[in-house]
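Each structure below is given as structure tokens.
There are two complexes below, and they share subunit A, which is joined by subunit B in the first and by subunit C in the second.
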Partner chain A sequence: MSFASALRCRECKREYPLEPTYVCEFCFGPLEVVYDHDGMREAVSRESIERGPTSMWRYAGLLPCDADNAVDIQAGFTPLIKADRLGKELGIDELYLKNDCANPTWSFKDRVVTVAATKAREFGFETLACASTGNLANSVAAHAASAGLDAIVFIPSDLEQGKIVGSAIYNPTLVAVNGNYDDVNRLCSELAGKYPWAFVNVNMRPYYAEGSKTLGYEVAEQLGWRAPDHCVAPMASGSLYVKIHKGLQELASLGLIDNVHTRMSGAQALGCSPIVTAFEEGTKNVLPVRPSTIAKSLAIGNPADGFYALGVMEETNGHAVSATDDEIIEGMKLLARTEGIFAETAGGVVVAGLKKLAAAGGIRRDELTVAFITGAGLKTQEAVKDTLEPPLQVEPNITAFEEALGERRLAGVQTANA
Partner chain B sequence: MAVTVRIPPPLRKLTGEEDTVTADGSKTLAQLIDALEGMHPGLKERICDETGELRRFVNVYVDGEDVRFMSGLATELQADTEVSIVPAVAGGR
Partner chain C sequence: MTTHRVKLTFLQQLITLPIIYELGKEFNVVTNIRRADVTQEHGWVVLELEGDMDEIERGLDWVAAKGVRVDPVTGDIVEG
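Let's look at the complex of A and B:
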């Protein structure tokens, strides 16, 4: 059973029943799920969680929907990897990577969609919909297919091929909008007022957003029931970043871990960095920008949770950091070269951010640091494919191979000396 | 000159459940909001804060363009302009 008890406005605190609604009718503030905390505390223990399934549904008691009827393709409980080689390169003694590439549709979006889809079915919706930069569309289409729901997903028309195919394969109605993500989001907000569809990130948003808390839960459990000293997460809308911190705090409030002193840092692509800009200017007034970056999954120019992200940053003494397109590509390659993880551009943003923070003392060498790698690299091959060594083309004999290998090594030496 | 205004679900109680309304004679967004307030009392308070500025969680688009990229409340409206009021939902990706 779920301990969700109401929706509450984050701004004016007015309460609403648990319905498919998302903004306060009075002040337009975002609504957030509130829970029967005492009931939760009684029902959920480390042991009850550890007995649960090896998916994020092991935290069902902390989520706003009923696990027995979950739309579940096994999102979550992804690996937490000790990244010694990358840590050595960056000067961080205890660095871990939360590898959310290892989700059913290869991004963290499966966490939010499994919750939103479950809730949508509880509410009786027959159609799942979303505005997406790609990863969300993939996940919505997959979960809808698994639940036998109709899917209609809206994406900007300039997306990477992997993200288009990664939705189309599940046979949704796929709508490519001539515009950027913010245009798509506006259109979907308007459509949500017109059609009886469950837009996972519009009218299902209060429930949807709760799914991201599980990243915080998992990291704490996987570290042996303790919070890390420092987290570095990518920021698009800022929701994921805020919810990781909320997840850690909830575990502490339930007595499952000690009080949380985690510093929360966030990374954006320089070509779409409205939250970083506000942080650097010391304001919480996030001004929208027009995105221009290869990190399309982070290209939200008008981040609705930016205000709250800046609040968490201030409260936890974290940092905001940005990365250029070249630094993003270098970050993707560095992660792959040192840890064997092929992340999408958002992962490159995080690794580039880690590198900058570690170099500038923003992350201390002795801080137990967790970096969140939220999506897989095969989805955004375009970003790196022209920057990689092409294969050696050889005839099938040893001489040809050794000649080609020799030339490549010689070229490598010359490059290194150049 | 008639401006069409798209009303989001949270405000439709104030417009008798109408999802679009039209208003005449407004040269700027600020004037339009005052005109809407005259037709549907209570609307302005929902869109603007105590200082008269647009609320933090309200996005207003004029012909699809966020007014924060234009002149905010001073944004000029043309004949047949479409204005859309949209709650600032945090997106996904």
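Let's look at the complex of A and C:
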């Protein structure tokens, strides 16, 4: 059973019943789920969690919906990998990677969508909707297919074919909107008010966002029920970053881990870094920007949770760091080369951020640090494909192979010595 | 008649202009401020607009043409 008790305005603290709503009627502030923590404390223990399924639904007692009717394609409980080779390159002795590429649609969005879809079905919705350029669309389409719900997915009309396929295969209604990014935003804002759909990140947003807490839960459990010293997460809307911290804090408040002293750092692409800019200017006033970066999955120019992310950063003594497109590509390649993980551009942002923070002393060498890799690289191959070594072309004989290999190795040595 | 909720973000050079007053005067739209934060450098205002949707859209286009950024109160809806 769920211990969710109400929705509460994050600004004026007014409470509302658990309904498909997302802004406070009084101040238009965002709503979030609050829980009966006493009930949770009685029902949830380390043992009860460890007996649960090997998916994020092992934390069902900490989520805002009933697990018995979950729309579940096995999101979560992804690997936490000790990244010794990357850590050695960066100068971090205890570095771990939370590899959310291993989700069913290859990104962390499955965590939020499984919760939103479950809650939508509880509310009696028959249609799941979203506006997305990639990961969210894939996940909404897949979860709707699994639950037998209709899916309507809005995409910008200039979206690359490769990204359309990842959603179209699940047979949603795909709507390509003519116009720029702002036009799509505006249209979807109006549609969300007009049609009886579960728009996962609009009227389902309070529930949807709770799915990200499971990243914090899992990391703590996988570390042997302890919080990391330092987390580095990508920031788009800022929600993921905030909820990882909330997840750790909830475990502590339930007595499942010791008090949390985790420093929370966030990374953005320089071409869309409104939260980093506010952090550097020492303000919590996040000025919207027009995104221009290869890290499309992080390209949210007007981040809904930017203000709250800056609050967590301040509270935990964390940092905000940005990465250029070249640094993002280098980050992706470094991660692949050292740990065998092909992450999408958001992973490149995180690794580039780790590198900068470690070099500047923002992460101490002895801090147990967890970096969050939130999506797989096959979705954003175009970002790196022209920067990779082409294959050796050889005739089918050993001499040709050895000559070509020798030339490649010689070129490698010369490059290294240059 | 319909209601529409938006967030307007003003850069420094626009803060002193009575744009919300003019929006209500030039268009048949009722403006109702719910939350705001305005400093010397910049400001944002969350408000509800009431009127015909076509008129609201014309009014918001006019506001955007003045250089004010107009966003849904939810932040960006399009995600990666």
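By our rule, the second predicted complex is superposed on the first by the 406 of 418 C-alpha atoms of A that agree within 3 Å, B and C clash if a C-alpha of one lies under 4 Å from a C-alpha of the other, contacts with A are read in each partner's own complex, and residues count from 1 in each chain.
In this section, contacts are C-beta pairs under 8 Å (C-beta built on N, C-alpha and C of every residue); 3 or more make two chains touch, one makes a residue touch a chain.
Since we're looking at a predicted model, the values are computed, not measured.
Looking at the shared chain after the overlay, A:Glu11 reaches both subunit B and subunit C.
Once the two complexes are overlaid on the shared chain, A:Ile81 sits clear of subunit B and of subunit C alike. By the touch criterion defined above, A:Val23 reaches both subunit B and subunit C.
In the superposition on chain A, contact of A:Leu287 is made with both subunit B and subunit C. In the superposition on chain A, contact is made by A:Tyr181 with both subunit B and subunit C. When both complexes are overlaid on chain A, the residue A:Tyr208 reaches subunit B alone and has no touch with subunit C.
When both complexes are overlaid on chain A, the residue A:Pro156 reaches subunit C alone and has no touch with subunit B. Residue overlap on subunit A between the subunit B contacts of one complex and the subunit C contacts of the other covers 11, 22-23, 26-30, 109, 130-136, 181-182, 185-186, 189-190, 192-193, 201-202, 205, 236-237, 287-288, 297-298, 300, 302-305. Chain contact summary for the complex, subunit B toward subunit A: residues 6, 8-11, 13, 19, 46, 55-59, 61, 64, 66, 68-69, 84, 86-93. Within the complex, the subunit A residues that touch subunit B are 11, 21-30, 107, 109, 112, 130-136, 181-183, 185-186, 189-190, 192-194, 200-202, 205, 208-209, 236-239, 287-288, 290, 297-298, 300, 302-305, 307. Across the interface of their complex, subunit C is touched by residues 11, 22-23, 26-30, 109, 130-136, 154, 156, 181-182, 184-186, 188-190, 192-193, 199, 201-202, 205, 236-237, 285, 287-288, 296-306, 346 of subunit A. Residues 4-5, 7, 9, 11, 34-35, 37, 39, 42, 44, 46, 48, 53, 69-80 of subunit C touch subunit A in their complex.
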